[in-house]
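Right after this note come the structures.
Each of the next two complexes has subunit A plus one other chain: subunit B in the first, subunit C in the second.
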Partner chain A sequence: MAEEAAPILCDVLVVGGGMAGAIAALAARDAGARVVLVRRAPGSTGLSGGAISVAHDPSALPEVPFAGRAGVVESARRVAATVAGHPYQVLRDSLDRLWNAVEFASGQLSHVLAPPTGRNRWLLTPFGKVHPAATCQRSMVAGDLAEARGRMAVVAARGHLWWDAGLVASGAARARHLGAPEVQVALLDLFMWEEAALARPVDLARLLEAPGAAEQVGELLAERLPRGSTVALFPPVLGLTPEARVAERIEGRAGIPVAEFLSDVPSVPGLRLQRAIDLRLGAAGVEVLRGEVREASALALEARVGGRKVVAKSWVLATGRFAGGGIARRGELVEPALGLPVLASEGPFAEAGARLAARSPWALTVRDSRSPQPLLSAGLKVDGELRPLDAEGRVVNPRLFAAGAVVGGHDQASDGTGMGVAIFTGWLAGRAAAGVARAQRALPGVG
Partner chain B sequence: MGRVRSLAYLGYRALVAHPLRRLFRQGSGSERFLASYAPEGLSPTSPDDRAAGEAASACISCGLCESACPLAAVAPSVRDLGLHAAFRLYSKSSLALGPGAEGLEACSSCGGCESLCPTGVPIARLVRSFAARARGGAPA
Partner chain C sequence: MADRKSYDVVVLGGGVNGAGTARDCAMRGLSVLLLEKRDLASGASGASSGMIHGGIRYMLSDRKVTELACRDAGYIRRIAPHLVFRIPFLMPFASRAEEASLAERAAWYATEVYVGTYDLYQPLKGGKPSTRLTPAEMYALEPSLRPGLGGAVTLDEWGIDGQRLCLLNALSAEAHGAEVRTWTEATELVREGGRAVAVRWRDLVTGEHGEARAGAVLNATGAWSPHWGRLNGVEVPMRPGKGVHLSLDRRFSNYGIICRAVDGRQMFLMPHEDESIIGTTDDDFYGDPDDLEATSDEVAYLLEGVESLVPSVRRARVTRAWSGVRTTLYEYGKTEDALSREHQLLDHAPEGAEGLFSFVGGKLASYRAQSEEITDRLLSFLGKAPRPCRTHEEPLPGGDAVADAHELARRHGVGEGAVRRLVYRHGSRAREVLLLADDDPRLKLVVCRDEGILAAEVVFIARHEKVRRLEDLRRRCRLGIAGCGGLDCARLGAQLVAHELDWDGDRLRAELHQLLEVNWRERRAVLDGFQLSQEELLRAVHRGLGEV
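After this line comes the complex of A and B, so read on.
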């Protein structure tokens, strides 16, 4: 007879291994808790472009130069003041600690993230847009349009169809009057090894990781880059692992700073960020379990992961939204892990606090594509301490916290606050969960 | 007048012709389905196929699975088409699986793709099911 394995006991169980879950786990670990993190697969962090967008000023006029824009925390305050139901608004009393959370995250992930400066960096996307981010990966810093001086060369590989360097350069050209440097396209015979001409971003990233490959590219740059170039901007393929240090190796031979622009999916920088998170979780002593949470109970806070029971003193639910599977559409919108109610917090259903589970998803889209879409910001409703609320507005369980995109009220894919909300809510929820676990331990006869 | 004739014809079909056909019909349901639809290239959907299709519908075409697929780096049919393209092709018609059959056959079920799928699509199981379907459903 198979004997059941002993249950895993811990202080804090974090469900979800994206940015929000990872920061929650690291913050709880930092507070001295024993943390178990359950994850299934990458979600929107792995799919992200690899930059950390926290907030940009919703009221800024497009003609204001980069240097004159509001700082990150001030921008978040303006988001909180203007976007009803946004997590920044729900947490407005804690917003003065937003910067602590961002600094904690970039410190924990310092092997891949650049230190934040307090203002937004302005980074180019593959589609010629300029995207503000509170911080970004170290391999992107030199591409910050607000900082770069001189002449930027957008590197294009001859014969490759994956990116349009001209489109990227045109984005920088349009931002010239905002403070962007001069930009030109440099067409090089890159990636001309056998088979490389047809390779996709992940293949190119792996090729560049190989010993000697990045150095070869650096030498080519030194030889062929147009005179006067001060920064070389690459497609986002500079290595899948942070340890490969592809950008630094190219810089070493090329003699000028090298950066990559942001990515569309499948995203090499997103995968690199996810890998950096996984490495950091292991190094910080967070026990990571692979698998799905089953038979979970929001009242008892018990669940099974891969057949083993997990008992925790407090939980952080950081399961993401549609990409991560934290909110799913099964005829109606549901929260599959614990069956918590999914609520709308913007659009025509906001005032009623309508329970979305009763509505079909297509009823939650608005025809005007520029107006807020209730479907895209659907998620859990939480109180100011990030505890999920039921349909009547009561706290479901004082030992249960939610973080990241599973918390509704923001459209994390497009409103420019997705990573910021993940980091801020993750940090707050992780610390709160560790605090609850500590208090539980102190009670006689519990735990 | 035409309306009365149409209604009379419908009545005859419903009350006389259809019951008689049901009484004297031959062969199993799937045989009759094949007799009617196989010439059009449609094959019957088994419960397994239906389950596979529903699992595949969770695919969001992000392409993360391909980043862990060793085949994508070496097999041109997988690399050019992409693994997630198999789901999209499948959703149109099983006949469209033909072009991907080579890649599907070459899959070694290493499971690297599955561990990266954000929405939890059981990719290895689906690839096996698609491969079987591509073998059986390919036009002669």
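After this line comes the complex of A and C, so read on.
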């Protein structure tokens, strides 16, 4: 029998390397813990569109101008007051610290994320809709419709079909009375190279990173942009890595601010964010293991990763929802890593409890896709300290915390709070896990 | 000012019988208007199993149906060779020879005789004769079958894209002078002195309305006929049956496999185009055909039936569950499966609507013969000189020659996989699509990688294939219905169509919403495993960012 490799010992084990797991790891690290983060593969954070959406006011009338809208934290309070089962409601007593979490996250990831202002930024999507976000990537700030002044030029690339600048601009035109600037479409000879016509967004981002490419685009802008343009809005392909500084390089030649609109899938900004997270984890001294957590026990909090035993004083489970693999449906709803019960949902099933997991997809969905979908908001039920609960409402293990989309009760894909919940729960769970680890260390004979 | 025109025949319903009859009437010199309240093939024709099978199921009860179906299958291969593909089926024997009981042996013998009788009809449709496979031969062909089976007999059938078949008939009808209006509802039948003389219609997209004077009116609205008849004072007896199919994300088996459901009903798993299809349920339907959805219990029934022979189907990814309503002839006291697939042309003269006819029953595979029969009847009713039917001789659009995909791919510099799909859907007209891409290389972009849809194909379809709503693209080229659910292709496809049809941003978003809503209803009952993960991404994009 092969000799067993020495176990990995740490204070806090974080399972999952998306936004929630990363913020949990960084928060625990910040609190002095020794942190190991295990991740299998990139999840939904790598597919996200570039906005850090925390909350927008569910009670706001569509005609209220951007400037008159509730701030981010106040909006989250209103979500907590109105959406049964939402994590903001479960954590309502801690919501006064939501802003600390958002500032922590944007500070940790400050080379990609812009500093938040307390108000939502209003960003255009490829569908020509306007999307609120507490903060966004730096390369998107100049596209904030609530702040931009003058005339915005939405850049249409003559050589590529993927985005429709007219559609994007139509969204801004509809938001004129809410405070959006004037917009116009500027058709430019962009992506005219032969390989660009059939390229996908990631390929275009790589093409722009090449030396000279961004500069060439900037010169084209300076030459061809309609007079009086004060900002140029690009498709979300301004480089895969922040270090390539594609937006700045274009701005340098164009002489006006440049921004990207948000992305759908596949998402260059999502990959950029995931890369920034990975770099930050390394720089902060979080040990990152690639692999799957196996033979994990929720009671003993032990597991194996790549054949090695991992022993931690506390755990943060941040494995995501369906796309991340934190929750799955295989005939019925399960939490695959630890086998925890899937008990939380929203709307009519907010209190469904143990009956939730085995219900059919038909029973857990609503005919109008725009309605909240209980199936899509299924996940773990947690207490006010983010500790997963069992069917009887008891804490499964006081050293186990959950963060991000694995926590149920919100339709994180569509309700505009997904990143906010990831950051807030990640920050709270990371700090709590570090606290538990510290207390364990203080006990004689433990650790 | 309302539109007022006169026609020899007004056809209601753009399913395969309506479109087929419109074509035949137009080819025989009649002036024709076809009204369809949604899109072509949006009812039972578009929700059929996608086969022009010879109707072996009906051989015992309706040998006439079998013969008619086989003969016509042969004709359809002639007029649309690109759209028809061979599906060999296996009918496995449930136990091994050495363990078989006398009853089982008798059943095998009966099956062989049965299939052997069917072989007599195979030459009519160009099918291959059946063979008996030993267990070893059978498992070599189809390793996913459960162990312990006693071999199989084979059965040759033809698959087809029923939605494009309807479209091609409508396009051909137009080429022969017919007028085809989709998304246009026949709101009212106008009667004068015991005769049906006109149909009032309303365009559901533009709100226009008009009155079409008609020498004769054919009601071919399928499951909608009883309701439409009631509104207009005539009775169309029918026993509608709901049929549900499942699509899997890939070709799950090499061959079609005939299985038995828990209640003993025959059903199948078969490779079809780029996916596999499981079908079908058959249950009396008393609901509203406009409000049709498959439910999770129907999905479970179908999977259980296939699982009895192919256990691994439980791990398959079901991408959607789609349903239609059959329009079988009315009979009391029979089970659904025992109902005849025969057809009838009802004459409503005794009800004070002379000149109004309703078509009930029939099969997709026999649509051409059915259309011929209806047209003969309409010609004689209108007192026109009989003219010979040529619908079995003249090719449908694109059916005149089979294009060489390999050669086209090479010449136009487009991936061969995408060109194969293009040639399948468009036949000889694939060339015209590729010429668009030659003029504008951006149109070589593959919009959907599951289905191999080129941007050029979307543009071609928007220009030439009667597209009025974005969701029509589901039926023209399967846009948005593969496993991705439209994540990759829906926005891009919508942009291309919007550009061709001059839609503004609001219209585009409304069309996108409609497309995604229809897709959602087909997925609700099957959200499990990876398809549920995909749903989350779709929702993030389309509800989160698109708010559509």
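Heads up, the rule we're going with is that the second predicted complex is superposed on the first by the 435 of 447 C-alpha atoms of A that agree within 3 Å, B and C clash if a C-alpha of one lies under 4 Å from a C-alpha of the other, contacts with A are read in each partner's own complex, and residues count from 1 in each chain.
Note that in this section contacts are C-beta pairs under 8 Å (C-beta built on N, C-alpha and C of every residue); 3 or more make two chains touch, one makes a residue touch a chain.
Since the model is a prediction, treat every value here as computed from it, not as a measurement.
Participant: Could you tell me whether subunit B and subunit C fit or clash when both sit on subunit A in the superposition?
Facilitator: After superposition on subunit A, which the two structures share, subunit B runs into subunit C.
Participant: By the touch definition at the top of the document, which applies to A:Asp203: first (subunit B), second (subunit C), both, or neither?
Facilitator: The first partner, subunit B, only.
Participant: Go through the superposed model and pick first if A:Gly416 touches only subunit B, second if only subunit C, both, or neither.
Facilitator: second
Participant: Is A:Pro126 contacted by the first partner subunit B, the second partner subunit C, both or neither?
Facilitator: Second partner only.
Participant: Contact-wise, after the overlay, does A:Leu47 reach subunit B, subunit C, both or neither (first, second, both, neither)?
Facilitator: both
Participant: Regarding the shared-chain residue A:Val395, is it in contact with subunit B (first), subunit C (second), both, or neither?
Facilitator: Touch partners of A:Val395: none, neither subunit B nor subunit C.
Participant: So, does A:Ala323 touch the first partner subunit B, the second partner subunit C, both, or neither?
Facilitator: both
Participant: What is the contact status of A:Glu292 with respect to subunit B (first) and subunit C (second): first, second, both, or neither?
Facilitator: first
Participant: Which partner, once the models are overlaid, touches more of subunit A's residues, subunit C or subunit B?
Facilitator: For subunit A, the partner with the higher number of touched residues is C.
Participant: Could you tell me if A:Ser360 is touching subunit B, subunit C, both of them or neither one (first, second, both, neither)?
Facilitator: second
Participant: In the superposed arrangement, which partner chain does A:Leu271 touch: subunit B (first), subunit C (second), both, or neither?
Facilitator: After superposing on A, A:Leu271 lies in contact with subunit B but is clear of subunit C.
Participant: After superposing the two complexes, find the one stretch in subunit C that runs into subunit B, choosing from 133-141, 259-267, 493-501 or 511-519.
Facilitator: 133-141
Participant: Need the overlap of the two footprints on subunit A, from subunit B and from subunit C, as residue ranges.
Facilitator: In subunit A, residues 44, 47, 198, 265, 322-323, 325 are touched by subunit B and also by subunit C.
Participant: Can you name the residues of subunit B that touch subunit A in the complex?
Facilitator: Contact set of subunit B toward subunit A: 60, 62-64, 66-67, 72-73, 79-80, 114-120.
Participant: How about subunit A: which of its residues touch subunit C in the complex?
Facilitator: Of all residues in subunit A, those touching subunit C are 44, 47-49, 125-129, 131, 159-164, 166-167, 170-171, 174, 194, 197-198, 262, 264-265, 321-323, 325, 328-331, 360-363, 365, 367-370, 373, 375-376, 411, 413-414, 416, 418.
Participant: Contact residues on subunit A for subunit B in the complex?
Facilitator: Touch list, subunit A to subunit B: 40-44, 46-47, 198, 200, 202-203, 206, 240, 265-266, 271, 290, 292, 320, 322-325.
Participant: Hey, which residues of subunit C end up touching subunit A in the complex?
Facilitator: Against subunit A, subunit C makes touches at 293, 295-297, 441-446, 455, 487-488, 491-492, 495-496, 498-499, 504-506, 508-509, 512, 516-517, 520-521, 524-529, 532-533, 535-537, 539-541, 543-548.
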